[in-house]
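You will see two complexes here that share subunit A, one where it goes with subunit B and one where it goes with subunit C.
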Partner chain A sequence: MNEITNLSGPIIGHIPFIDIVLYISPFSLALVAVIAAFTAFLALSKPELRSVTRFGEDVVRTTTVERKEARFRRFMTILCGIALTGVVTTGDLFNFALFVSLTGITNMGIFAGVKDAHVLDATFHYGLVLMICSLPLFGGVAMILANTGTLSMGVLANIHTNPILNMSRTLLLIGAIGEGALAPFFATKVEMIRAKGAPYINMMHLSSLMVFTRVIEVLLILG
Partner chain B sequence: MDPSSVVPNFVPQIITNFYPLAIIIAILTAAIGLSGVIIERDDFQKILIIQIVTYAMLIIVAAVGTDLAEALILPGLVVSLAEILAVTEVLIFREYIKRGISYPRLKEYKPIDMEVLKTAIPMTSLLCVVYGTILTGFTGGAVAGAGILIYLFIGEPKGLSHDFWEEMSGVSGLAWCLWLLGFLLYFLNPRLWLVALFMSGGGIIVKVALKFGLLGILNREEFNK
Partner chain C sequence: MIGRILNSLAEPRVVPKIFAFAIAIVLVFSLPLPFHLNPEQVYPKPAPQLQMELAKKNIDISYNLAPYNRGGLPVDPDNRGIVKSQYKSPYEGWITAYLTPFSQWMRDVSYHLGTTIVAHPGGILDEILYYTRGLDTILESSILFTAFTIASWVILNRTRKMTGE
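Let's look at the complex of A and B:
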């Protein structure tokens, strides 16, 4: 518990959810507040009306998002918010990996209904990265389990690090980077953000930010 | 941390020594899968090859070899299944957009006429059902269900009315109740553990097997019209 309290302040409370042990600290409370506010803002806003000018014509076209498509994206945005809340509050390493991959899947779902071949192409490649990166993510968690015999972050915080544990942490970092579409893998994200329907696609930025913040905290706790 | 402090004393040394071997096999599997992804150009083939990488993930989780690892394999499998389903949906949607159509155009095909497809089906499914019954439990249910599935998918069952399968799905629900009651009995009165074990073990095999069978019924009713 020492590392956790050093990093994120005193633990305010536990939420026992059968085997999903969630804990709340001032740090995670701030992150949850940001996620809840952002998700509520996105869920209540209407999709954008984007104007497109074409070269060679004296016309400005307004593109709209269909009602059904917008509803699906709003649903996926709310689901992504719930998954992110799980990512920042969970106290179990395997649940952390599960919530991170759920974030990736819901991110992909936000873009899955866009009727644009370029965006769908980029989403497809993001999905391939997700599937590949589940190997280092879950592999790192399983190697930590094999090495220490526990998955609870409260217990892992007191265990001294060793070379194999460091390798598992590196694997965990690579996996989380891939699922959150962070630095080396973000090329497809840039293409995906060209999709219309502005407010919902901003969820992807929030999820990248939160996954990055949380994975750094988890790595520090494990070390 | 020294591995001997994590592994209990009664585990033989040879089992502990298998762990690095399993990790090496998983890394080799992942290397094969990833090199396949690099070489392959077709998008659909890429999805299929990436499944090999997912298997490597399952190998690493399974290599831990405890009850907890067994419980962790199922969520890992579900996550990989969800990812492959989502990616496949995106791929299908993209192909529709590219071709400018909104419904699939299936090609006409002619079934292969082989004698073994008619004669081997009842024997194979019977073997699966018998072996599944011997196994019992969830695994046995899956094996027996696969037998029923083969019979309904490939063989052409005759003389079974629509009502029969409706009743079978009802039996599946009752078997599930039996499973739940068995677990409840186990917690309420642990001295009756043998009865509870038989109730839950028998219930789950019937439930899982018939649920697999329902897939075959869906296939018959939806696609063979």
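Let's look at the complex of A and C:
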């Protein structure tokens, strides 16, 4: 518990379910506020109308997003917000991994609604990355469970680090980098962000930010 | 030269391959590490061999459930199943031993139906999974259903475009 309170301030409260060990600290409260505000903003706003200018012609077209498509993507955005809330508040390592992978797949869903061939192509490759990095994510968690015999972050904060634990932390970091679409995936990400329908795709940046912040905190708690 | 390499890296097609290769390299470094299992695990069960030996020695029918047996009697506070979970609850170990009549009949018939009993509905309840780690079950299935939603959306729109509606 010491490491957790060092990092994120005094724990204000636990939410009392049996395994749902959500804890609230000033740090996670701030993150939840940002996520809730941003998700509400995206869910209430209308999709953009993008103007496309063609070279060589004197034509400016306005592209629209179909109502059904917008509804599907809005649903995925809200689901992503819920998953992110879980990512920043959970106190159980396995639940953390599950929430991170739920974030990844909802991110993919936001882009899978688009009907452009190149965007869908990039989304497909991003989905491959998601599938690949579920191995290091859950493998890291499984190694931590085998090595320490516990999954609760409150207990893990008091355990001293060793080579296996460092290896598991590396794997956890790689997994979270893949699921959260962090730095090395700019190639796929840029292709995906060419999709029209601006407000929803911003959710991906928010989830990158939140997953990164939280995974750093988790790695510091484990170390 | 550098520009050519960077251009080839910008292709979405190559990103999963590079990523998989990088993970493979990291995993190779993990092989020589001194890995040992911590004996104080949270979700223990008697070893399967031990369960089978006890079954042969005592002719205790409940050990026909090996290797999934946790012992105990259903809803009996004095004879609880062996449940050592991370997140405590006053009622743990109460329902682990519950079987439907059909499963009880299967247990009485043979030593060798443990896996069948645990795999069909009404058999051994994995109390740790469904009771003390309930959110895991919900989250796993919600990930699955999100994937189904996305796949059905993609396929629905594809067929609609093909039939020209």
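Here, the second predicted complex is superposed on the first by the 221 of 223 C-alpha atoms of A that agree within 3 Å, B and C clash if a C-alpha of one lies under 4 Å from a C-alpha of the other, contacts with A are read in each partner's own complex, and residues count from 1 in each chain.
We adopt the following convention: a contact is a pair of C-beta atoms (placed from the backbone, for glycine too) under 8 Å apart; a residue touches a chain by one contact, two chains touch by 3 or more.
Fair warning: this is a prediction, and the values are worked out from it, not measured in the lab.
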{"item": "Fit or clash - subunit C, subunit B, common subunit A", "value": "clash"}
{"item": "Which of subunit B and subunit C A:G178 touches, first, second, both or neither", "value": "second"}
{"item": "Subunit B versus subunit C as contact partner of A:L31, first or second or both or neither", "value": "neither"}
{"item": "Which superposed partner A:I201 touches (first subunit B, second subunit C, both, neither)", "value": "neither"}
{"item": "Which of subunit B and subunit C A:A117 touches, first, second, both or neither", "value": "first"}
{"item": "Which superposed partner A:L98 touches (first subunit B, second subunit C, both, neither)", "value": "both"}
{"item": "Touched partner set for A:V87, first subunit B, second subunit C, both or neither", "value": "neither"}
{"item": "Which superposed partner A:F138 touches (first subunit B, second subunit C, both, neither)", "value": "first"}
{"item": "Residue contacts on subunit A - larger count, subunit B or subunit C", "value": "C"}
{"item": "First (subunit B), second (subunit C), both or neither touched by A:F72", "value": "second"}
{"item": "Location of subunit B clashes with subunit C - one stretch out of 44-52, 116-124 or 134-142", "value": "134-142"}
{"item": "Overlapping contact positions on subunit A, where the subunit C interface meets the subunit B interface", "value": "94, 98, 101-102, 105, 108-109, 112-113, 115, 120-121, 128, 132, 135, 143, 146-149, 151"}
{"item": "Subunit A-facing residues of subunit B, complex", "value": "1, 3, 6, 19, 23, 26, 30, 34, 37, 43, 46-47, 50, 53-54, 56-57, 60-61, 63-64, 68-69, 72, 75-76, 79-80, 82-84, 86-87, 89-91, 93-94, 97-98"}
{"item": "Contacting residues of subunit A [partner subunit C, same complex]", "value": "17-21, 72, 76, 79, 86, 92, 94-95, 98-99, 101-102, 105-106, 108-109, 112-113, 115, 120-122, 125-126, 128-129, 132-133, 135-136, 143, 146-152, 163-164, 167, 170-171, 174, 178, 184-185, 187-188, 191"}
{"item": "Complex interface listing, subunit C residues touching subunit A", "value": "9-13, 15-16, 18-20, 22-23, 26-27, 29-30, 33-42, 86-87, 89, 131-136, 139-140, 142-143, 146-147, 149-150, 153-154, 157"}
{"item": "In the complex with subunit B, residue positions of subunit A that touch it", "value": "94, 98, 101-102, 104-105, 108-109, 112-113, 115-117, 120-121, 123-124, 127-128, 130-132, 134-135, 138-139, 142-143, 145-149, 151, 159-160, 162, 165"}
